[in-house]
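One structure is given below, represented as structure tokens, and several questions about it will come after.
Think of it as A, B, C and D in the order they're written, each chain with its own count starting at 1.
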Amino acid sequence: MFTTTIEPRVSETDGVGHINNTTVPVWLEAGRNELFRLFMPEPDFSRWSLLVVSTRIDFTSQIYYGEPVEVRCQVSKIGNTSLTLYEEIHQGGRLCVKAETTYVHVDPASKKPEPIPDRVREQLQQHLAG
Amino acid sequence: MFTTTIEPRVSETDGVGHINNTTVPVWLEAGRNELFRLFMPEPDFSRWSLLVVSTRIDFTSQIYYGEPVEVRCQVSKIGNTSLTLYEEIHQGGRLCVKAETTYVHVDPASKKPEPIPDRVREQLQQHLAG
Amino acid sequence: MFTTTIEPRVSETDGVGHINNTTVPVWLEAGRNELFRLFMPEPDFSRWSLLVVSTRIDFTSQIYYGEPVEVRCQVSKIGNTSLTLYEEIHQGGRLCVKAETTYVHVDPASKKPEPIPDRVREQLQQHLAG
Amino acid sequence: MFTTTIEPRVSETDGVGHINNTTVPVWLEAGRNELFRLFMPEPDFSRWSLLVVSTRIDFTSQIYYGEPVEVRCQVSKIGNTSLTLYEEIHQGGRLCVKAETTYVHVDPASKKPEPIPDRVREQLQQHLAG
């Protein structure tokens, strides 16, 4: 499991007074930085190989400014060319968000699907949801 | 159907060169401005009554800077206290995003679910997906 | 003058109830899309040649959700390798933001300053502040 | 001095490959969370008393995805009803951003300028730039 602590920002709230729902995908992606590093140890966008295919987010409890949140990212399925993540966001002991996101692994130049390399696959398996 | 034209911003792209996936929920919400006005003719966040419960987004084609997109928002289901939207984003004749988002209608003060008012319900029905 | 109309988004407000101050630079940059096109008629980030050097923003009146804003962008100074813009944001007849932003024009590969091409210089002069 | 470490996000980069310039004000505001707490120990947006009057940002070096940045916030001037901050952003030993931002302290209800309370003034003085 990849765990990332994020301090909510004033700019991430909205007029209703909570964290705006559009901030949640931003935090989920921020919680994948370590995962991205498995695919691309040295940051180089010209070799970026992961494209989001779909995402499903359940908002189970409001998130507020003033208290850190924890983004928890687990691998739920490793396909041949695809990767599915199960993610949660917690704040103050409350489960606020459950999400499932699927990526396709592509050749950076052609953008065509390409098998996930064995080296990465082995590392991903250590983060598989129990 | 509520139709909104949006001009992509440089700040909405990412290092990979496309519109970042986290921009999509921002545009979908921007495409609901007219819908929000049905619930709250005069903008007043203290009386905001719609909370996102869940969202599901399928990314079917990359979106690029330099060409406007069209956000299309239809009502797919009107429950007693809930509202489900079906939305699409198109760019240059390509379908790029399909999304389904469910809101719960609440009492602004207590945040407890509350039936969608009849006046709004009638207006929503005119935007029901065929 | 380049004029761009923008409909404020819920996600651009903050808990205080106004448009958050960090949204303003996003709108100012969005108001430069037509200017960017003078430098790069076909969008291609690998040939992007404008880097922000400095910006100064005066916030003169609050901006609210629910009413469109107008971003007005004028060229205030054309140097050899630099370009300074004077920008304003208006909402409902109120002047809400005054800003001055300086770009340096660079060679896309080396990122070294490079004179603004004559072809672009002539077009920029038509947008000089009176 | 208030020091905040921030991990750049993919969504904060742009097509040019760097952190987009509009991300910088977001990070600067994120670096003021501790300062905001001096004014409002318990987060409550209905009692928010600081409004941005002006900001000036110098971009001295590009910021990249893949390495944390440090936001350093100092108080440079405490007026009767105003507060000026001097801020820097550093990445990997490079000074990337210098900024100066002025807030006005207001009565939360009337939005009229109001003297900074003595209790807060004393705490601010401990963060004065040398």
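The criterion applied here is as follows: a contact is a pair of C-beta atoms (placed from the backbone, for glycine too) under 8 Å apart; a residue touches a chain by one contact, two chains touch by 3 or more.
Note that the coordinates shown come from a computational prediction; the quantities given were computed from them, not determined experimentally.
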| item | value |
| --- | --- |
| Pair joined by the larger number of C-beta contacts - A-B, A-C | A-B |
| Degree value of the rotation bringing chain C onto chain D, based on Cα positions, nearest 5 | 180 |
| Reference chain D; chain at largest CA-centroid distance | B |
| CA centroid of chain A to CA centroid of chain B, Å | 22 |
| Distance between the centres, which are taken as Cα means, of chain C and chain B, whole angstrom | 27 |
| CA centroid of chain A to CA centroid of chain C, Å | 32 |
| Two or more partner chains touched - positions in chain B | 10-11, 13-17, 22, 26, 29, 45, 65 |
| In the complex with chain C, residue positions of chain D that touch it | 14-17, 21-22, 24-26, 29, 45, 48, 51-59, 62, 111 |
| Residues on chain B engaged by chain D in the complex (per definition of touch) | 10-11, 13-18, 20, 22-23, 65 |
| In the complex with chain B, residue positions of chain C that touch it | 4, 7, 9-11, 13, 17, 26, 29-30, 33, 36, 42-43, 45, 64-66 |
